[in-house]
Amino acid sequence: MPAMHIKLFEGRSREKKRELAEALTRETCRVLGCAPDAVDIIFEDVRKEDWATAGKLWSDRD
Amino acid sequence: MPAMHIKLFEGRSREKKRELAEALTRETCRVLGCAPDAVDIIFEDVRKEDWATAGKLWSDRD
Amino acid sequence: MPAMHIKLFEGRSREKKRELAEALTRETCRVLGCAPDAVDIIFEDVRKEDWATAGKLWSDRD
Amino acid sequence: MPAMHIKLFEGRSREKKRELAEALTRETCRVLGCAPDAVDIIFEDVRKEDWATAGKLWSDRD
Amino acid sequence: MPAMHIKLFEGRSREKKRELAEALTRETCRVLGCAPDAVDIIFEDVRKEDWATAGKLWSDRD
Amino acid sequence: MPAMHIKLFEGRSREKKRELAEALTRETCRVLGCAPDAVDIIFEDVRKEDWATAGKLWSDRD
């Protein structure tokens, strides 16, 4: 029953998310030996102005 | 001090969320014996293109 | 497909969690009109020394 | 490697988030003795209609 | 900067987590075109008595 | 109503968490202009074998 929450910068296309969901599910099932139905993935888009590393917003780095 | 984060498909009305928040808080207080003030609930809307089960986006199932 | 993550102070019995999972699932299905199979709940025990409100750990209030 | 997820009501300006990210990172490094690069912060805006305390949406309190 | 939080039933070995972290990072970089350093994964073990589907704890299904 | 979830490597003392909770709450109130009561912080200890960066568990780096 792995449940994955994946935060990533906004702007990824639906095609990329589709491909990523497929790949992560396939690899998870291969390694853990679980059924695909058991893998649940949620993508959460994050704006660069809402993500900071080392105290600096990513929107201030571009 | 239960804190609930609830991810659900986007599109639920404010009325439904209001009713759900009331019901979940009431049941939590009844079972755990805590005060209503202690129950904090956050709803997080998820687009169907951001949620995958069995490696397939829910937006691709409709 | 509601997915609930519920943080609560450690120490609740399995019986309480069982009863709470049943009640929250029943109410969610009633309000949102979803199937019970679609409701996923994860409880996360939190120690009082890991939870602070108003800048004060709950372990320091007892 | 502290990773902070901070949920707050929507409406805070980018300037406030910038200032908050700086302050939280500085304090975390001071207390824990870690390098700034190790501190990752994500802000998550929450609408008042998506946050309930004591079973009541915050949008219903205003 | 994908950050993944993965909840899974407790009991997986360190070897499985190591292999899974490698595979998920590799696939994420391949699909999204990001650097491996940007991928952060946290595993969170969940006891079967803390996970319910359809209102029933998984510890009650075994 | 900021709610902070902070994941950090296990091993920090209660004293460090107490000091960090105080400092983060103080800074949050100063920047956002909110009351201390509104700030809720949860620390989540993570084992080094459960945290990977660049596809490598932190327990394999020591």
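Residue numbering begins at 1 within each chain, and the chains themselves are lettered A, B, C, D, E and F in the order written.
The rule we apply is simple: a residue touches a chain if its C-beta (ideal position, glycine included) is under 8 Å from a C-beta of that chain, and two chains touch if they have at least 3 such contacts.
Treat the numbers as computed from the prediction; the structure is a model and nothing was measured.
S.K.: Show me the overlap between the contact partners of chain C and those of chain F.
M.R.: A chain counts here if it touches both chain C and chain F, which gives B, E.
S.K.: So using the touch definition from the top, which pair is joined by more C-beta contacts, A-E or C-E?
M.R.: A-E
S.K.: Compare the contact pairs of D-F with those of each option in A-E, C-F or A-B, and report the one where over half match by residue number.
M.R.: Checked against D-F: the matching pair is A-E.
S.K.: As a quick test, compute the distance in whole Å between the mean CA positions of chain D and chain E.
M.R.: Centres of chain D and chain E (C-alpha means) sit 24 Å apart.
S.K.: Centroid from C-alpha atoms only, then distance chain B to chain D, rounded to Å. What do you get?
M.R.: Averaging C-alpha atoms per chain gives centres 20 Å apart.
S.K.: Find the geometric centre of each of chain B and chain C from their Cα atoms only, then give the gap between the two centres in Å, rounded to an integer.
M.R.: Centre-to-centre distance between chain B and chain C: 12 Å.
S.K.: Can you list the chain D residues in contact with two or more other chains?
M.R.: Within chain D, the residues that touch at least two other chains are 3, 7, 24, 40, 42, 51, 53.
S.K.: Looking only at which chains touch which, which shape fits best: line, ring, star, complete or other?
M.R.: other
S.K.: Pairwise, which chains touch?
M.R.: So, checking each combination of chains, I get A-B, A-C, A-D, A-E, B-C, B-D, B-F, C-E, C-F, D-E, D-F, E-F as the touching pairs.
S.K.: Using the touch definition up top, name the residues of chain E that touch chain A in the complex.
M.R.: Counting only chain E, the residues touching chain A are 1-9, 12, 16, 19-20, 23-24, 27-28, 30-32, 51, 53, 58.
S.K.: Would you pull the chain A residues touching chain C in the complex into a rising list?
M.R.: The contact residues of chain A facing chain C are 3, 40, 42.
S.K.: Hey, which residues of chain F end up touching chain C in the complex?
M.R.: Chain F residues touching chain C: 14, 17-18, 21-22, 24-26, 36-37, 39-45.
S.K.: Show me the residue ranges of chain E that touch chain C in the complex, using the header's touch definition.
M.R.: Those residues of chain E that touch chain C are 7, 46, 49-57, 59-60.
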